[in-house]
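Below are two complexes that have chain A in common, paired first with chain B and then with chain C.
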Partner chain A sequence: MNTLLEIKNLKINFKTFEGEKQALDIEHLQLGRGETLGLVGESGAGKTVLALAVLGLLPAGQSVIHSGEIRFDGEDLLQKSRRELEENYRGRRIAMIFQDPMSTLNPVFTVGQQLGNVIQRHRGLKGADLKNASIQTLELVRLSDAESALQKYPHELSGGQRQRVIIAIALSCGAELLIADEPTRNLDVTIQAGILKLMDELQKTLGLSVLFIANNMGLVNVICKHIGVLYRGKVVELGPSRAVIENHKHPYTEALISAIPREKSEKLKFAAASLRSETKRGCPYYARCPLAVESCLEQNPNLIPISDGHRAACILLREGGGR
Partner chain B sequence: MKSFDEFLLVFKPQWREFQQSLYLFNRNHLQFASLMVVLLLVLIAIFAPWIAPYPTHILEETNVQDKLLAPSTQYWFGTDELGRDMFSRVLYGTRISLVTALIAVFISLCIRIPLGAVAGTLGGFVDEVIMRLTDIFLSFPPLLLSIAIAAFLGPSLQNAIAAIVISWWPWYTRLIRGQAVSIRERQFVRAALSIGTPRSKIIFNHVLPNTIAPVIVQASMDIGGVILTIAALSFLGLGAQAPTPEWGLLISTSRTYFLNAWWYSTFPGLAIIVTVLAFNLIGDGIREVLDPKTRKI
Partner chain C sequence: MIKFILRRLMLGVIVLFGVVVITFVIARVVPSDPAAKWVGPRATPEQIAKATVDLGLDQPVYVQFWKYLAALAQGDLGYSLRTHQPILSELEATIPPTLELVTLSTLAAVIAGIPLGVVSAQKKDQTLDHLSRLFSIGVVSLPTFWIGLVLQLIFFRLLDILPMGGQLSMGIQLTMDVPTVTGFITVDSLLAGNLEVFFDALKHLVLPGFTIAVYPVGLVARMTRSALLEIMNEDYITAARSYGLPETRVVWSYALKNSLGPTATVVALSIGFTLVNTFLTESIFAWPGIGNYIVSAVVGLDYPAIIGVTIFSTISYVILNLAADIIVATDPRVRV
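The block that comes next holds the complex of A and B.
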């Protein structure tokens, strides 16, 4: 596999009143060219921190990157200066879609101006050519009536339409890596489905690599070939989607999967309950794990290989996946 | 008409918003009236020397046999102690007040907007320096500071403008900085950063256009305030000098004749009231139109 993005031993802490708190501790994570990796986890698990770290957009005064590498196409992004990132990576090779489509567009400019600006910068088009290219891009993201949409201000569009515009802007940069940070959050379910379908199509036709961030296993399963489950800044399970969904090994993954709403008869399990008080040592999931035993407190479990590419971090697991 | 079509091709949505704003603004009768008053004042300011019935009375010429006459069909606003027509002089005063106010507001906007936006967007050391500088200026009452500066520079209209610019800029620099700080944290700025937009472009393309609404409102209110301050400085003898028919100066000289000639101070005073009120009402109206919360179709 030709690796596009590779993260090694990344440790990021946040400075707080109570001292430094660990936000992210990732041993190894990689994304191949043209592949899709889904990151799942609850809010605060560190998904967005990871995305911002890749772009170098973490708030400088409040976060400390302790160690590690973020290799993009072989180059370590953490060693790059702000200028280099601005000129060669952000918006050129890496694009990001943010959580809330309602506030990602600048309210005082029309869609045409904002999209046109990006296309002009990346392709140097002007006048009628620019307009045609803008319309084409909007048609690519299946925005109905693209020509009149160019003349509209963001507040005149619905959430789904806005997210399509944002995807169009992200795509018109011609980036190789697209980071989608919960792109369907705050959208209606029907519109969610539309946006997911669109992203899936675009990923396949354009051969993009996508890092898809979500808090819903169901969404990630639709789009991604690989899934990583994050809990409190650590990858607790990682592998091909099918293996992770059908043969999940970590109790947290199980909780996430059982939280997907299904038929009426099936009971929703309440996955967020704390069973014990939080501890600093041992397994990060100890406090909420239904299977926890005394020895869980002894060490922070490493990822244990289960099958080809499928790994989970739980000390109850033996190699190959038996308990 | 062809050029207008071409204009529409590029600025159609902006033109539509502008027309909508105009409609909303004019829906309030008081605001419509104030807009008309301001347009009238602008016309008077432009054509003052031609519409004044006694253009030669505006400055030096004297006509002592007609001194201190009450308003009549010949002299609508009466005459002053040198027999000059007050109507002509008050008309010409419009030009002086509007021009000085526009210059003062324009210059101070040129200082405030970039300083405030840079301080708010960049933060850190730059922000600290600019804000402490504004603190120094803010520690003086603005009118007192204007008087002190005008007295230091010497009495003249230009120096009065300079005094106003120097004493007024910090107030709005803070206003714009506050706006910029809140815009800086918005998602679209983050999104712009994520596609590699340099910080200079962030300031001009994202922060400034979003702070401009309160700036426009402030500027239109400021015009009223500046007219008032210029009149105050002239009244104290620190602004315009005789024989300039500046409104504040007219009121100042009228004090001597106040008991016998009521018209001498009344008409310049009315002119100040009407002008300042009209600009303030317009400012109010613009705020209502630009604020999404009160912008109701």
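The block that comes next holds the complex of A and C.
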């Protein structure tokens, strides 16, 4: 596999008044060219932190990157200066789509200005060329009446239209990697489907590599070939989507899957908020795990190989997936 | 938009009327005898009695008020009790020097205050930010007259490089004549090409200008900083960064344009404050402006002059607030 993004031993802490708190601890995660990886986990699991870390956008005063590498096309992004990131990576080779289309567009500039600024920045186009490129990009995301949309301010667009504009800006300069941070979270369900379909198509036609972040297993399964489950900053299960969904091994993955709404007859299960008091030792899922035993407190479990590419982190598992 | 402006102007007229009523009433209930002021300290009782009739002071207050309003509608503000000059011509002479100070301080607030606030927000919690915040808090909390006095002490008394007060040196004022175009001596002398007058006026402008400008600069810097810090946390700023736009552009364009509303409001308010501040500053620096004029009018209980100045400040406030509202309304989200 031709690896595009590879994350190794990445440890990120947040500064709080009570000292540093671990936000992310990722041993190894990779994404091949043209591949799609979905990261699932509840809010606070570190999904967005990971996305922002790739682009070097974590707020400097509040977070500390302790160790690790984020390799993009072989280059360690953590070693790049802000200027290098601005000129060669952000918006140009790596693009990001944010959660909330309502707040991601600047309210006091028109769509044309916001899109145009980015195209001008990375493709150096001006005047009529710039306008044509802008219209083309908006047509790529199927925004109806692209030309008049350029004159509009964000508040004049609907949520779905705004998300299309945001995707257009992100993909306007030929990015290879697209990081989508819960792009459909704040949209109506019918609009969600449209945006997901669009992203799926764009991924295929443009050959994009996609890091898709969501808190919903069902969504990720639609878009991604691979799934990583994140819990409290750690990858607890990772593998091809089919294997993770059908043959999940980690109790947290099971909780996530049983939370996907299905037919009426089936009861919706939900993960217990907490069964025991939180501990700092051992397995991060200990407090909420229905299967936990004494020995879970002894060590933080490593990922154990189950089948080809499928791994899960639980000490109750043996290699190959037996308990 | 035009409807919005007209509506606000109508409101302004109502405010103006209210202010005139209040000032008129207060000026008349204060124990003083305008007729005695009018005729001077050595007048006979007969002269005072005659002046009372001439000035219409023997009539009921509401009749006097009605007459005053009727004259006001024709732009007649009455005569000064002390100088017997039309108030309007006295205002015409004293407003330009004050506007010169106010314009200078407003320019400083915009040209120095906004960038100071932006840089401060950019370098949050670094030395530059601490210095700028120290400056802002310092100048906002120090009384203006104190700053003026200390500046006089340093630059006139100790260093002797700047004049203590006035708008021009006596010699220049007597020998050189500059045609009045704008009423700002610095601008007029430049227009006339008279550099000697210009540099003399400039030298006189430095201390009062600085004294009056530090407050708005500090206030605007502080407000810009806090507005910007809030905006820098918005998603669209993180998004703009993720597009690879240069940081300077993100801050000075994407973020600053969003903070324009609160900043404009503060600038407008600080101009209003500056107008009041001229009362003290002009007294200290013997600046022949409206602040100096109102101080002597109040001391002399010259009520037509007091009402005249009050009308001028009210109109200024109404216009300033309208200007701020118009700037806020340039935000595409605001519908007027």
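One rule holds in what follows: the second predicted complex is superposed on the first by the 322 of 323 C-alpha atoms of A that agree within 3 Å, B and C clash if a C-alpha of one lies under 4 Å from a C-alpha of the other, contacts with A are read in each partner's own complex, and residues count from 1 in each chain.
By definition in this document, a residue touches a chain if its C-beta (ideal position, glycine included) is under 8 Å from a C-beta of that chain, and two chains touch if they have at least 3 such contacts.
Just so you know, these numbers come straight off a predicted model, no measurement behind them.
In this superposed model built on chain A, chain B and chain C take up the same space, so to speak, and clash.
Of the two partner chains placed by superposition, A:38 touches none, neither chain B nor chain C. Of the two partner chains placed around the shared chain by superposition, neither chain B nor chain C is touched by A:301. When the two complexes are overlaid on their common chain A, residue A:87 makes contact with chain B and with chain C alike. In the superposed model, A:233 makes contact with neither chain B nor chain C. By the touch criterion stated above, A:284 is placed in contact with neither chain B nor chain C.
Of the two partner chains placed by the overlay, neither chain B nor chain C lies in contact with A:116.
When the two structures are aligned on the shared chain, A:100 is found in touch with chain B and with chain C. By the touch criterion stated above, A:151 is placed in contact with chain B alone, chain C being left untouched.
The clashing stretch of chain B relative to chain C, chosen from 21-29, 39-47 or 57-65, is 21-29 in the chain A superposition.
Once the two complexes are overlaid on chain A, the chain A residues touched by chain B in the first and by chain C in the second are 55, 57, 85-87, 89-92, 95-96, 98-100, 103-109, 117-118, 153, 166, 169-170.
The touching residues of chain A, counted against chain B in their complex, run 55, 57, 85-87, 89-92, 95-96, 98-100, 103-110, 117-118, 151-153, 166, 169-170, 173.
Every residue of chain C that touches chain A in the complex is listed here, in rising order: 124-125, 234-236, 238-247, 249, 254, 257-258, 260, 331-333.
Those residues of chain B that touch chain A in the complex are listed here as 12-14, 17, 186-188, 190-198, 205-206, 209-210, 212.
Chain A contributes residues 52, 55, 57, 61, 82, 85-87, 89-92, 95-96, 98-100, 103-109, 117-118, 121-122, 153, 155, 166, 169-170 to its touches with chain C in the complex.
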